[in-house]
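Letters A, B, C and D mark the chains as written, and numbering starts fresh at 1 in each.
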Amino acid sequence: MSKKQHIKIATIGGGSSYTPELIEGFILRHKQLPVSEIWLVDIPEGKNKLDIVAKLGQRMIDKAGLDIKIVPTLDRRQTLKNADFVTTQLRVGQIDARILDERIPNSLGLIGQETNGAGGIFKAFRTVPVIFDIVKDMQELCPDAWLLNFTNPSGMITEAITRYTGFKKAIGLCNLPIHTQKKYADLLGVKLDRVRVELQGGNHFVFVTDVFLDGVSIMGRFIDIYLNKKEDTTMKNISGMDFSPALIKGLGAIPCSYHNYYFHTREQLDKQLKDFENNTVRGEVVKKVEEDLFKLYSDPNLNIKPKELELRGGAMYSDAACNLVSSLYNNTGDIQYLDVVNNGTISDLPNDCVIEAACVVTANGPIPLNIGKLKPEIAGLIQQMKSFERMTIKAAKTGDRNTAVSALNLNPLIDSDLLANKVFDELYKVHKRYLPQFDL
Amino acid sequence: MSKKQHIKIATIGGGSSYTPELIEGFILRHKQLPVSEIWLVDIPEGKNKLDIVAKLGQRMIDKAGLDIKIVPTLDRRQTLKNADFVTTQLRVGQIDARILDERIPNSLGLIGQETNGAGGIFKAFRTVPVIFDIVKDMQELCPDAWLLNFTNPSGMITEAITRYTGFKKAIGLCNLPIHTQKKYADLLGVKLDRVRVELQGGNHFVFVTDVFLDGVSIMGRFIDIYLNKKEDTTMKNISGMDFSPALIKGLGAIPCSYHNYYFHTREQLDKQLKDFENNTVRGEVVKKVEEDLFKLYSDPNLNIKPKELELRGGAMYSDAACNLVSSLYNNTGDIQYLDVVNNGTISDLPNDCVIEAACVVTANGPIPLNIGKLKPEIAGLIQQMKSFERMTIKAAKTGDRNTAVSALNLNPLIDSDLLANKVFDELYKVHKRYLPQFDL
Amino acid sequence: MSKKQHIKIATIGGGSSYTPELIEGFILRHKQLPVSEIWLVDIPEGKNKLDIVAKLGQRMIDKAGLDIKIVPTLDRRQTLKNADFVTTQLRVGQIDARILDERIPNSLGLIGQETNGAGGIFKAFRTVPVIFDIVKDMQELCPDAWLLNFTNPSGMITEAITRYTGFKKAIGLCNLPIHTQKKYADLLGVKLDRVRVELQGGNHFVFVTDVFLDGVSIMGRFIDIYLNKKEDTTMKNISGMDFSPALIKGLGAIPCSYHNYYFHTREQLDKQLKDFENNTVRGEVVKKVEEDLFKLYSDPNLNIKPKELELRGGAMYSDAACNLVSSLYNNTGDIQYLDVVNNGTISDLPNDCVIEAACVVTANGPIPLNIGKLKPEIAGLIQQMKSFERMTIKAAKTGDRNTAVSALNLNPLIDSDLLANKVFDELYKVHKRYLPQFDL
Amino acid sequence: MSKKQHIKIATIGGGSSYTPELIEGFILRHKQLPVSEIWLVDIPEGKNKLDIVAKLGQRMIDKAGLDIKIVPTLDRRQTLKNADFVTTQLRVGQIDARILDERIPNSLGLIGQETNGAGGIFKAFRTVPVIFDIVKDMQELCPDAWLLNFTNPSGMITEAITRYTGFKKAIGLCNLPIHTQKKYADLLGVKLDRVRVELQGGNHFVFVTDVFLDGVSIMGRFIDIYLNKKEDTTMKNISGMDFSPALIKGLGAIPCSYHNYYFHTREQLDKQLKDFENNTVRGEVVKKVEEDLFKLYSDPNLNIKPKELELRGGAMYSDAACNLVSSLYNNTGDIQYLDVVNNGTISDLPNDCVIEAACVVTANGPIPLNIGKLKPEIAGLIQQMKSFERMTIKAAKTGDRNTAVSALNLNPLIDSDLLANKVFDELYKVHKRYLPQFDL
């Protein structure tokens, strides 16, 4: 069991603005994690960004005085060949597709969002065929590599892989759990590593059902601390409202930031419709932020990850990924929050679905800490969301319009069968070129 | 095992406009079901209606030349004493409470309805304390009697009894299944008894997952027949729209009439808000219908159940009840659709919840035909609705505001935590006198 | 849905001594069940018996004045072609193989029995390849026919079909439940059709967990009646002992006749070892009985089923089969005890295993009445036996010696890993020609 | 969350010969675990041994130069008062009761053993009332203390507590898992801490279903290493035989030492009956070993744990206990093998049963790593053993003879209902004074 001494990282969607964080992560961990090559692959449309990011990455590494090679390329198969860890952070259709995912539902009076509602469903529809191709290549070119997916909707994409491809080494990642853990540590005035949480649910639909300080459950009094907090704990990319004390106490669980869409649907929609009219939907804002970031990245004197990156919603994503790579490599046995196959961890969700849970990370992969039955207060919401996700994944796989429309109908953010049909047709029209599985 | 030859029926809420149908049912079955007394009990506020109905009932029996005694009374304990079958068809707060259940949610921009959404939740809150009293009396005065509950929300009320009182002989009833069976028989152009359906779900939230003609599954072609139907198959009390072919085919199941509120929420709300402005919400319409019915009932020459009763939403309810009484008494082993404790019939719902399912009726009670796992396409919706119901029942039992507000938040028709809090407070204010369990 | 007016029955192993009972069954039901052809197929080694039985059958039909054609043949494919119902009552290796199944375990100091222990395991090993061939032919020649399996071990053979062949219309049958029901009716002094039982378990390992008289549960007092019975209620082919009152009351369930092997293992073994020495093991006795029966059958004046047949252990088997054929054909909805796929009927057994349970028989097949969780007192025994059966079926399918030896080890009647290996090798040696799936 | 700086240990059955190992354990861990008092309590009959052990313990501590007080006492309530950790290592009826547990079954031709078969059942019957008393005292005197039970049958005693007393902080311990882990490390030629195993089952009936070296699963090749081992890996107190390669490969799992009783029942029984005749049943041997040990312990010059202790079957038990105390105190998050409430860790065992599983140890207690469904090859055996255990616990709680006899019948080592009744009556007669719950 002697460990490999030269690790090859393959990053799909390497031209992403998040890449500098990823590279910083490997730099910070170089003592325990001997990365020797980081291949960044992108599509031709992303070549310019890719080059900018790769150069910045190399400058960061040079500054750190390390011997890591950054390889920007458009050749995905070459990138995957003999890779040890593959990370995916791609966006099919790029930022413009996201803007459509947001504006078209809005135009019909529906929530438009990147990973929730109709927008999230179509992001899944576009991503699944691409991820299936990547996995097929991995099965040929690097069958023993780990796939760390942080392409959104991360939970659904991971479940599509684990359910349909037979590839066993895929792990989904999200920055929401680590963000939550950090905010709670701040509320408690302690260091991050003294806080652990129990999660129940799936990616972007997870509840905190217990909080541990130095291993001891403090949920009862933490709810009070949480309710009395002054600061907004919502993530950057979500315009949050407070959940009512009655809701949190009645559930005995704390909803996550994304639950804003579900418990404040009406208010979120009102806000979105204003942004829609002002042409400031989130995708439009992000597009501007990204342009600014890449201007910064282009500065030949910049050789560190710029502070401005942290303002993007995805901050800590890449850090979580580097942590995971290191723990898998070193068999550390530490606890991380990951998207993994349920396999009975939560008794009342299907065995083959992907959940987001606290896992012990070993060289053999993450092993979830047992949860048992869902808290009855939140069980139905989670089961319903999971059922919707499974229908979406099935539609993404089969390309069946009936299944897709039903998935839209199952989504709690779409309150009309009529609009489910309509929003499908309109989003399909604009995204058709990315949806080869649908043959309508 | 010789059977009792003089059956005593106790009907709580005996002054209901449905009572003539119940009496007609016993008249029609008198050969196999020797009913000798029907006690109709009501509250003082309902005495006038009670007398009208009792007299009509006696005229119907006299016309049939039978020896059945109708006993109108305000004494519930006397009514229950030694009863063989108890039927409950009460409405706490009478029709005016219903109108508030509809108008107050409407005033906040929410669906207002008797058994769904905020209105249904408060109807449950008002009914549960009363039904607990009735069961307590039964445990003392007629512990071996069957309780046939058709007080709405019928599924939740039945589950409140089976989960919290230890009383084992409660069965819930709804006219929706038999209505569905009848409509399907009509669509197929055959007699009712040649058609059987498989149901999955709970009361007022049930899907048809299979249709059998002469015992043979015909679901595949039945969906086409159903989609090509000309006539509206929605129940009288619901203003229905067609479900889209994509939805029905994608689910592989046919939603029930009440699913109009869930799959056409936006459109139903629009329609309701118009009725709200015109003072024609359903309760207001029913109030008028009831007044007309009681005028008819008062006619001393009327000695049959008048045709006009069938226009009320509850038609066939009492007929279903008489069928059930007869099958329990005669151990017939025929199949009826009833609200019974799940006990593993549906593997992915809690064992102790109440489901609506096809049951073989025996002298020992109904035994559900096994179903197994829910169809995955509809599993989440049903689990979520059941989870909501369980939270509502818990709130009805405990009188805890946090639980109640959470139940409102879990309801798919309430899309805002803010409004969940608000609608609770407003409905609580007007119904307070009927909600002794809440001590706010 | 007009019903076919000319039913073709195909009976595999038609030369069995039980066939006259089957024919009698169809004669008695001819009014509701228009059988026009009964094909009896057997292997060349059974031709003589086949001819005797076919002639007797035809004489019985002629006496009844019916127009049913008996067709004896060695051509299985012709027999299956367009059949409506296929019954299997074959014995691979005939009676001599059974004698080996009994004597070889005995020679090692183990229980030897036709359907239990090492003998039953090897009967399954021999039968499964043949039944797979039959099913393959049916899928081609009569894909809509029902397969009624009463070849032992009936539960395992049926589960082999339902788990491995994709054929959905197989139903297993045993005479034990109807025999039990009859004995209980006798103990109660009432007619058979007033008694119903609840069964939990699988074929030949089933417990009675409730007894109903006219639909009413009487389990409590029935246990006392059962314990005070004078008569032996064990089946003809099992030498029974009484179960202790402590056992029956502690379990709250009545074991079946075959449980004699499991709860009286030591005493059964002692008895068998004496029979072994006297050359009177059950197979040897049956061989003699069969010879006598066929002498009787050969009498050209015999034109009814002879009384002597009832002394065979399998009495009422064929009657149960005819009942089932009639109920499937007529969609009667009556309750029969059948071996069917669990599908959640019993929550704590695998969904895809075959259980023996009370079913409503419809034209679409049997639907089990829901059971829920096993009684905890007997759950482990049933789960363990089912686990053993599944391992046996897997070994019968794969022909893997390790799996087979493990199955033997899992069997409660084999108390030594050493002997499990040894009895496998010895039985394999003598039955090798019937075990093509094993390639050792 | 500042940690207590003076830990009080309470050891029930403190006069046990294992106590020096326990004391050694605390000495070795004194840096991370500030134990200041170890109270050793015993019954009057054990006073002599208690004094010997206490003195030896104090000499060991003095030699180590630590400030830990050993307090020998007969006052249990004083011992428990404000204790932080309570360990139980008691034997009701002392070694002579064990000898009866072994010899009486033997005299009836049954396996006699301390924790298995009839002997184990009666040990549970005797221990449960005592442990309930202890827990009751703890709930009053040290409600926040952890109870570490290593009284056998450890799994059943722990489950009796968790199911019937409402006390949440009980953890069961056995030395078998750590012994297994150590033997496997030796077979692999690596250090203990590089090896991890996955266990499935309960205490003394656990299978190894996976082996990890440095976190990587090596089960496939480990089975070959295991089968080719030269050395006997069975525990000291069990006379082992090798399991056949067919069994291990067919199950895909390695049985534990105690499975010798179940897979080699016949051979174990033969061996025991010889020991029975020679008056060398295990209890008789142990009695002699104990006497020798206490002679050693009495030596005023002895101030370390003597090597001879390791020859007792329970070696490493106390070490495992000290490890657990330290990890609970320090919230280490390391993985230990413990007997804990299942709570869905194994999906196909009851939620409220106790299993033996790999757990992450936190200050809040052990959290089991999720397992999911049992391997189907061993599922039935484990379910059946657990079912037997639950029946035994129920009998131990209720004192119902029918339940007790049924539990004996459910045990795989008792192959006769007749003998189940007989062995109950004979063991009851001799142990009656310790069985107050039975009122026969």
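Note that contacts are C-beta pairs under 8 Å (C-beta built on N, C-alpha and C of every residue); 3 or more make two chains touch, one makes a residue touch a chain.
Computed from a predicted structure; not experimentally measured.
Colleague: Identify the chains in contact with chain B as well as chain C, in label order.
Modeller: none
Colleague: Return the chains shared as contacts by chain C and chain D, ordered by label.
Modeller: Touching chain C as well as chain D, we find no chain at all.
Colleague: If every chain is reduced to the average of its C-alpha atoms, which one ends up farthest from chain D?
Modeller: Of all the other chains, the one whose centre lies farthest from chain D is B.
Colleague: Determine the centre-to-centre distance between chain A and chain B, using the mean Cα coordinates as centres, and give it in whole Å.
Modeller: Centres of chain A and chain B (C-alpha means) sit 45 Å apart.
Colleague: Report, in whole Å, the distance between the mean C-alpha point of chain A and the mean C-alpha point of chain C.
Modeller: About 56 Å, centre to centre.
Colleague: Counting only residues that touch at least two other chains, what does the list for chain A look like?
Modeller: Not one residue of chain A touches more than one other chain, so the list is empty.
Colleague: Is the way these chains touch best called a line, a ring, a star, complete, or other?
Modeller: Looks like a ring, each chain touching just two neighbours.
Colleague: Chain pairs that touch, all of them, please.
Modeller: Pairs flagged as touching, ordered by label: A-B, A-D, B-C, C-D.
Colleague: Once bound in the complex, which stretches of chain B touch chain A?
Modeller: The touching residues are 109, 241, 243-247, 249-251, 263-267, 348, 350, 376-381, 383-388, 390-391, 400-407, 409-410, 412, 415-421.
Colleague: Quick check: in the complex, which residue numbers of chain C touch chain B?
Modeller: So the residues of chain C in touch with chain B come to 1, 196, 212-217, 331, 333-335, 343-347, 351, 360, 362-364, 367-373.
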